[in-house]
C-alpha cells in the first residue's frame, strides 16, 4: 500500500514521466547489462520517473570504485518508513550478526561495544567483528558471509536489484536464499511444516508464508515477536512478554490466542531444555580444558582472532584450528540447537525432534565419549574405573581451582569440594 | 468419489441446508478463531449441513478439557469406509509405531502384547510404549513425536482441521509433513525421483504422487503393497508375495508388470544386503559388550525405560545415555538403512546409494574402528596385532559363553570354539 | 528450433502420417504398458510418423534380451546434432565418470587409457572402471550408479521414455534427479540461490534455470564453460581461459561481463583454497600410513579392486573396508569439497560456506585429531608432547624415506631432513 502511495506521489512530482528510451545510460547499458535495463524498464521505478542516476549517481568513476554503492540509505531517501523499520530490526544489523551486536537488544553489556565502536561513539570502527569472519579468506568472506549479512544495508537482498515485482519479495523462496542450511534451516522447516504445505497445496490464503508472520501487514521490522537473539538465550522477562504478545496478535489473525500461546509456550520450554543439554556439554569441554587435556591445547594453536590463546565456547566459537572435542560442541551449539529450537517454534516435528533433539542428545554422547577417551589417554581413568594414574592431589586441587576461577562453582562449593578432596587424600595415605 | 457421494446423501437427508451465518458458534468464533470459521464456511461440510457441534459437541467445558476431541472416530461416524480402511492400515497404528505394535502384522510375538494391553484384552493400557518416547519431556513428546504419530486417530493430520479441500489431501506435500527427515526421507526421495520430477514438470497425469501409488483408487489403507514393517525385516514369504502382487497391480496402471516386478525385486535384494551389513555392525557392538568394554557400560548408566540395564540394539534402541559405539549403530540402523532401502523402492539413486549404501558402509568402518579403539584402550590388541595383554584364557572363555548365551552361536559352534581356545592355551603354555 | 525442423522434415518424408491406432504394437501394449502407449500418442513422434518399431525394432526376442535397447545412438539417427553435442560433452562419458575417463579432457595421461581400452584401440573393453562400482552388488550398481551414469547412452535420462514434452526436459527438476545429494548438490544449491529463487517467484524469464546457463541456446554440450573436471583440479591455463570466456559469454546475456568475471574468479580462488585444505588432510593420512598406523593397514584388508593393497586417496578412493581416518578423508574430498566449490560457482552462500567451507575445516580438525590419537595409541607422542616412546632413529629414517619415495618431498628436502635427524640423534646420545 505504502509502496503504491510512493509511486503515486512520485508520479505527481516528476512529470513528465521519464521515457525509458531517453535515459542517457540506456544506450550503452542495453549492451553492457541487458537484464538490468530490461528489469528496470519493467519496474515501477520507470513509471515513477526514477532513472539510473537517481540511485546510482552519474559519476562512472565513483561507481566503478564502489564509492557510489546503492545501499539501503539510497532506497531510504524515498522509502522512508520501510527504511526506518528495516534499520531498527534484526535485518538492520545483519553485518554485525556474527558478532551479535547488542545495540538493539535489551540487557546489553556496554563493554562489548568497543569491538565495533570507539569508546563513547556510536560510529562503527569496523563493519564486522566476528571471529569466524576474521578467519576467512576475503573471497569466502564476501560470498560465504556477506552475501547474506549485507542485508543490513542492501535492500536488493530481498527485492532483487532492478525489479520492483512484489511476486519476488512476497514469495517465501526469497527468504530461503539466506535462511537455510545447517545453522538455521528456517526455510526447510517452514516448507515441510503444516503452514508451508498448506501454502503450496491450497494457496497463500490458507497457508501463511514467512512474510505473513514475520512481516505482518507489510512491516519491514522482521524482529517483531522474537523472544531470543540468535544465541537462543531468552530476553529478559518483560521484553519476552512484550514480544510474545506481539506474536500472538499475529497468530490470532487465524488461531485462537489461547492455542497460539500454548504452542509457543511449549516451544519456550523446549528451548530451555535444549539450552540445559548444551550446558552439560559445555561443562564437559571446560572440565577437559581445566585438566589441560584438549588436543591441541589453546596455548599450542593459532590464536583466536578476538580472544587469543583461550578456550572459547560462546557465540565467537570457531570451527577450525582446535580440538575434536570443541568441534563436536560447535556442531551441537550451532546446528543441533538451532534445529531443535527453531523447529519447535515453526512447528516442524522432524526438525525439532530428529534433526534437533535427537542430534543434541547424540552430540552429548559423542562429547562425553571423547572426554572419557582423552582422560583415558592421559591415564586418568579407564573403562573399568581403575585409572592407572588418577590425577594427584596437587593436580586435582589445581583443576578445582580453575573451575572456581572461571565461575563454574561458587566460593562455598569450592571450599566444600576442597575439603572432600583433602579428606580422601588423608584416608588413602593412611 | 465416495466423498462426493457422502456429501450428496447428506445433502438429501439434512435439508434445509445449514446457513453458515446461523450456526450458534459462529458469532463468537468469527472473532476467536477466524481461520477455523472461514475454512469451515468454504468446506463441503457446510453444504452437507455439518455444523460445529456435529463434530465438536456443544459442551464448552468438555471441549476445553479435551474430553471431546475430534478424533478419527468422530469423522468415522459419516466417513465409514475411509475410517475402516484407515484403522486397518499402518496409519491406524501411528501412536504405536514407536513400539512397533504387531497387532496387524504377521508373525507377531504374543508376549509383546503386554506392553500395550492387559493380558488377554485388546484394550490399550497405554497409548505409546516406545522407549524413545518415554525418555522425552512432555513438550518434545507432544510436538516431536505425537504431532506425526497422532495420525492414528486424527484425520486432520492429512485433511487439515476445517477445510475439506481435496487440493490439500491429494497434494504430495501433505505427506511431506511427516514422511521426511533423517529417519525416513520418503518425501525428499520421491521429490527428486523420476516420478516426482515428472509430477512437477509435466503434471500429475504423467508423474505419480505419493497418493497415486500408496492410496491407489482413493483407498485409505496406506499399507497396501508394503512387504516389510518399519524394521525392514521382510514379512513371511506368503504375506510378502500377496503384498507384492497388490503393488504390481498398482504399478501396472502405467508399467509392464514384468518391469515393475524386476525393479521391486532388485530393491528386495538391496534390502537384504543392507540388513546383512547391519548385522555385521550389531555383532561388533555385542562382542564389545560381551567384553565389558562399552563406555559407559549398560550397568553404569540410566536404565533403559523398558529393558533396564541391558544392551538394546533392536527397534527400542535409544539415542541417549549410552556409548559412542551404540550411537554409531543407532545412526546406521535408523538413518542409513532407511535411506538405502526406501531409496531403492522409490527408485532414487542418490538416496539409495550416497545417502544410503555409502553411509551404511562408512558407518561400519566407524563402528569397527571404535571397537578396535576400545579394545586397544583395554590393552587387548594393538594396531600391529601385538596386544600387550590379550584376554586371558579365563576371560576368553567368558566372552565366548556370553556369545552363546545370547544366541549368537549354536551349541555346536560354542563347543568347537571352546575346543580351539583350549588347544591354543595348551600350545602357548608348553 | 532444430527439434521443430526435424519434425517438419520427417513429416514431409513420411506422409501419410502414422495413425496412432494402426501401429501393430499398440493393440497389445495398450494393455501391457498403458503409460508408454499413451505418452507416445501424445508425443511429437506420432505426428512425425515415428512408430514403436522405428526405435525398438520389431524382434520381440532381441528386445526382451535387451539386445535392441534404445540407446542414444538410436535417437541419434534422427537427432544428429544433439547426439554429436551430447557425445562430446561430459554427459557423453557418464558411464566412465567414476573412473574419470580423460578422452575429452586436456592433459590426459595415455597410460590411463588401458583401464577402458585395449592398447591402441578406442573401443571400450569395459564400460565402467570405477573402484566404487566394482565393489557394488549388481543391484546397487544398476540402481545406485548406472541409473544416473547411463546418461552417456540414454537420452531418456532427461527426456523421459516416450514423451517428447519440452516441459520435462526444460524443467530444472529433471536435472535434480541426478545432480543432487551429498556428493554434488547442484540442484539444492541452485534452488536456493538467487537464480533459483527468482525462477520460482518471478518466472523463467527472470530467474535462469540449469538449462539456461549449462545448455545455452539449446546446445546438448553440457560441458561448455566448465574449468575443471569432477576432481576440481583446474584444467591447464589455456583451456581454462577458453572455457571461462565461453561461460562469460553466457552470463553476459544478463550481466556485465566484468561482473561475471569477478564473481567466477572469486570462485576460482575459493576452489584453490579448498584444494589446499584437502592437501593438508591428504598429507596427514599419508604420513600416518608411512608410520604404519592405519587401522586396518592396507596390507591387512580386502584389496582395492584396482590398486590392491595400497593406500588410495585419489578419485578412486573407496568408502569401505578401510580405516576411520580414510573415511574422514573420503567425506571431506567427496562431499565437503564439492559443496564448497560448486556452492561458490553457483553463488549459494549457505552451501559454499556452511555446508562447504565450515565442514572442510571441521573435517581437517577431525582428521588431525584421529591422527594424533593413532600416534598416541602407538606411544609415539602424547597430549603433553612427552611421547613415551617416540619413533627410534631407524623408524624415523624409514618414515622419511617413504615420504620421499611417494614423491611428497624432493631429493633435496629428503637429504636435508635426513641430516637434521642424524644430528639430533647424535646430540641426544651424547
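We call the chains A, B and C, going by the order they appear; numbering starts again at 1 in every chain.
By our rule, contacts are C-beta pairs under 8 Å (C-beta built on N, C-alpha and C of every residue); 3 or more make two chains touch, one makes a residue touch a chain.
Predicted model only: the values in this text are computed from it and were never measured.
Q: Tell me whether chain A and chain B, two copies of the same sequence, contact each other through the same residue numbers or different ones, using over half shared as the line for same.
A: Because under half of the interface numbers appear in both copies, chain B and chain A meet with different residues.
Q: As a multiple of 5 degrees, what angle does the CA superposition of chain B onto its copy chain C give?
A: Rounded to 5 degrees, the superposing rotation is 120 degrees.
Q: Centroid from C-alpha atoms only, then distance chain A to chain B, rounded to Å. What do you get?
A: Centre-to-centre distance between chain A and chain B: 33 Å.
Q: Going through chain C residue by residue, note those that touch at least 2 other chains and give them in order.
A: 373
Q: Give the list of chain C residues in touch with chain B in this complex.
A: For this pair, the touching residues of chain C are 32-35, 39, 136-137, 139-140, 142-145, 147-148, 160, 163, 165, 167-168, 171, 173-174, 176-178, 180-183, 187, 292-293, 295, 297, 319-324, 326-327, 330-331, 373-374, 377-378.
Q: Which part of chain A faces chain B closely enough to touch in the complex?
A: Per the stated touch rule, the residues are 192-194, 196-198, 200-202, 206, 252-256, 259, 266-267, 269-270, 273, 344, 347, 349-358, 361-362, 364-366, 369-370, 372-373, 376, 382-384.
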